[in-house]
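Note that chain A is present in both complexes that follow, paired respectively with chain B and with chain C.
After this line comes the complex of A and B, so read on.
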């Protein structure tokens, strides 16, 4: 049996009298702007990106209806930036629902009014993985690769030799597959030579 | 602005869905009572110090907004944008009906859009709609009662092996859980069918705690032990939705365990030598 308070108890913990600091009897009007209060735990405040857990996969960007979350690509410097702007956010919590790491955290923050829109921007900058063979940055981040390493079991990595190929671009992977196929078929000639030979033979005949 | 005079407000709708308008009415109700701060709604922009704008600025309303703004007395002329639509165009930001002249059609860093296309805005109150407390907070901030709490943030998410050097660099961390990551991910995804996002994480955390306990206390027969633990959990728990979710999770968990074991054996049969294929 779990030692912590039961789930319904956790939900009921919020109390208006405690939150608004009354002792016994509350007047009708809330004393809010003159004191600090808290919203109930299920209140949908603006979400917050936890940069410790975020892997930069962009699932939240796909799910966001008003494009409050946008992914900015910078392949020259090898970074991609996940920018969140609370001025566009409608608090639908779809990003929280789809986040595969739990990095999108719901909060009860409601004091977001500001005179400068710069205050509402939250940016997480991710480093892209680098392909040594091609000298190009990949589409995904190093954190994503690490996360995949943790998801897939070791057997699968060994069976498909994924460890060697995980940091390669798509073109390099295809090139290696072709090379491997040629080796297994026992052909010593490259493909373009083979094609020319057959074509020449056909012409002579 | 100082507290020399009561603030008179003119409220104008720039094509909103009326959600924010209702919240503005709520703020004037006895519970939130904006009028005790001296704020009074006036029916004419010529008497007003502050303009409340709700809505994403449709093309039809932009001339009226401009006219209302110019009709206000020139001295304070404060504009408050109430709601996500008025702050940035909101969910309608790229609609055909909106007046939006921002360079990237509202997809820039600051998400430009809404009434800021025609009038300068002094206070943004985002929210869809903003709850009455949020509007109270925005007005209180204008009056100097409350301080600004939001701050722009720029994090640099470091790759797994690197250590943080500067203040805004954050190390990567995958939380420790008693079950493997793929089980956690699959269970979390399956649980979406039963409960919503808010309950989901709490229920799943309780469940994996029980799983860890079951494997610790009875490594020989965790299936029965987990069943007992969950039955014990039900005695304490009164919410029937949570009970359903827990039973669902138990069935899903053992199904996954069996399935992954079968796959592993099939894989081992197919590739008996595991040294690169």
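After this line comes the complex of A and C, so read on.
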């Protein structure tokens, strides 16, 4: 029965004196660290990144006040790396609030003391998507593109012709737009595109 | 000195916000007639006033010539009618990137009448200083409340208070080079130069013996260095050197972080009154964004503020008992306190650093069934404290040490702008919760409470004031639970206006906390100034110590409830040999620079 209880029910039932597992109950003090301390379910412990859910969007990095989360791009190897450092974390849970996929998971862990600093770090690496045209790596991860595909309604996709364009670099997108404009409207495009176009052509041929 | 009149700053009368929201049309006459005293000030300093505006509800700003600064500050501070008006603090800003000048801006909390929220106001006196000669006449010469404030802007911005009575270093460490000013905008926040340390201590008066106390003293768990000059047992004079745990938080908050990130930094200024800082900061930004936060959020904030006050006063009374050697009292006070910590842990997610605020409201709701639990804890605390006080106040060890010790006369309290319970124990009737318009962020205007004031000014009075306040807080919590409205708990904030200023404030357990925020571009903060109450209370401690015994010193110092922060020590243990190596100062500095960014 206990498993099926709602979260609020669980919160209601939690009792400090029942949860703490020491045989001789003292009313105030606790023989910590010789016993396990259980924190209440509301406790804000250090967060944990679920690598299966994370899409590498970086929303958590932008929200994190003390830079405990860092995002790095390695375009040579096509990797986007999200690093979480518990030593810097102030446990504010902002990252959990802003994560769109629920990959940032709250925990009630509070003990981070360790003799090896590497224990404090979590790293999630993502494959970057690459351009279908030129093969260069994009700024986004493959999962990000996948995620966008899933959440955007189909008519938005069609309206902006995203299916064709989503996996292209910025330059490639621009070039295609210009080509399309030229096809549909003859030669009426703004001067700045014209300049870019001729330059690009000159470079390639 | 060059006159401000020579400056080319753009001066015009402008109004930013009306009582009922924003308006661009209000003229100076209607601003001046809004509150008592504004017009008198204008008449008295007419030639020297270059501008006046309302920053936000109940906050007025005058742009004045810097040469009349002392007179202007004293005009307000010594106002014959507004008795409890005090110099809150001053902000120094490097506005060279904006208009080519430095800005020095003292501000005062003007109390027209006690607890008359719509009448009282804040007045800011903005002066422009020249970029190549940032000097201004010292206010500290005539008003001791400005002593630290002016030393601070001298340290951090390189301003020159002319004729300052004690122009030694206050904030920067001894090994910081001359002529490097961390709060100037052209300095990067990571830059941390070191030179040879140079120590400046006060001269020892004739025929006295020096008793150093601190920087690490087991009685006051805070790195503060008091140098007591004693004749026999009696303390004749005192020198103070502090700021060992200065972290440069204001600098970090400026420029690098967004306004919501600064909020969490603000909460970490203090380990004890963190939520007060958080609310103050949020209040300042909400004023700037001009939003009304939902009632439920205001109530939840107030509830947590009061719970924080309750556990804090219990903590403090425990420390005070410990200081006089009455350790039973210490244990009991902390035992009574612990359930509050447990309660807030369940309400917010942590014992301290609640992380409950966000600009525009709060992050967690208080679930309805929790109300019972809160009321249960409140009842328990009330009974516990009553019993405790019965015992403690009938214990001679306690009374004999506290009564008539560390007297702070009303006049001195006022001259130093002492705040909070320390001031109220000396007969100052002030409390920002009632005095100023806190209603935009908290719900104090809708609940009933009394402000206890004692006249004795000794340590015992400070104990009693705090204990009375504690019972008021318990009563407030009960009211808040009773009246808690439903609805949303936050509103989203859009873009912040650029280069606007506002003040946020709360009455922490030690006195008024103020956060001054000036916005920059792109939702960043251009200037963020924090003033914790201990900043105003500590300079008065030497005055309290004079004439008492060395043995009373820790108790007197603790009686203002100084903000505790942690002393840090780095020790390296070689695992193979088991030898302990204590780092020298230079090695330590080297290491901390090398590993910056790792921790």
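Structural remarks
To be clear about the criterion, the second predicted complex is superposed on the first by the 170 of 205 C-alpha atoms of A that agree within 3 Å, B and C clash if a C-alpha of one lies under 4 Å from a C-alpha of the other, contacts with A are read in each partner's own complex, and residues count from 1 in each chain.
Following the convention adopted for this analysis, contacts are C-beta pairs under 8 Å (C-beta built on N, C-alpha and C of every residue); 3 or more make two chains touch, one makes a residue touch a chain.
As the structure is a prediction and not an experimental result, all values here were calculated from the model.
Legend: residue contacts after superposition of the two complexes on their common chain; A:102 is shown touching chain B, with no touch to chain C.
Looking at the shared chain after the overlay, A:40 reaches chain C, while chain B stays out of its contact range. By the touch criterion stated above, A:153 is placed in contact with chain B alone, chain C being left untouched. In the superposed model, A:32 makes contact with chain B only, not with chain C.
When the two structures are aligned on the shared chain, A:133 is found in touch with neither chain B nor chain C. In the superposition on chain A, A:90 makes contact with both chain B and chain C. In the superposition on chain A, the chain among chain B and chain C reaching more residues of chain A is B. In the superposition on chain A, contact of A:117 is made with both chain B and chain C.
According to the touch criterion, the shared surface of chain A, contacted by chain B in one complex and chain C in the other, consists of residues 8, 28, 39, 42-43, 65-66, 87-88, 90-91, 93, 97, 117. The touching residues of chain C, when paired with chain A in their complex, are 257, 260-265, 268, 335, 338, 342, 345-350, 353, 355, 363, 367, 369, 598-599. Residue ranges on chain A touching chain B, taken from their complex, read 1-2, 4, 6-8, 10, 28-30, 32-34, 37, 39, 42-43, 46, 49, 51-56, 65-68, 70, 83, 85-91, 93, 96-97, 100-102, 106, 110-115, 117-127, 141-143, 146-147, 150-153, 155-156, 158-161, 164.
By the touch criterion given at the top, residues 30-33, 36-37, 84, 87-91, 93, 106-107, 109-111, 122-128, 130-131, 133-134, 136-141, 145-146, 148-160, 170-175, 181-182, 185, 192, 197-199, 201-203, 206, 209-210, 229, 232-233, 236-239, 242, 260, 264, 267-268, 270-271, 274-277 of chain B touch chain A in their complex.
Within the complex formed with chain C, the residues of chain A that make contact are 8, 11-12, 16, 27-28, 39-40, 42-44, 63-66, 87-88, 90-94, 97, 117.
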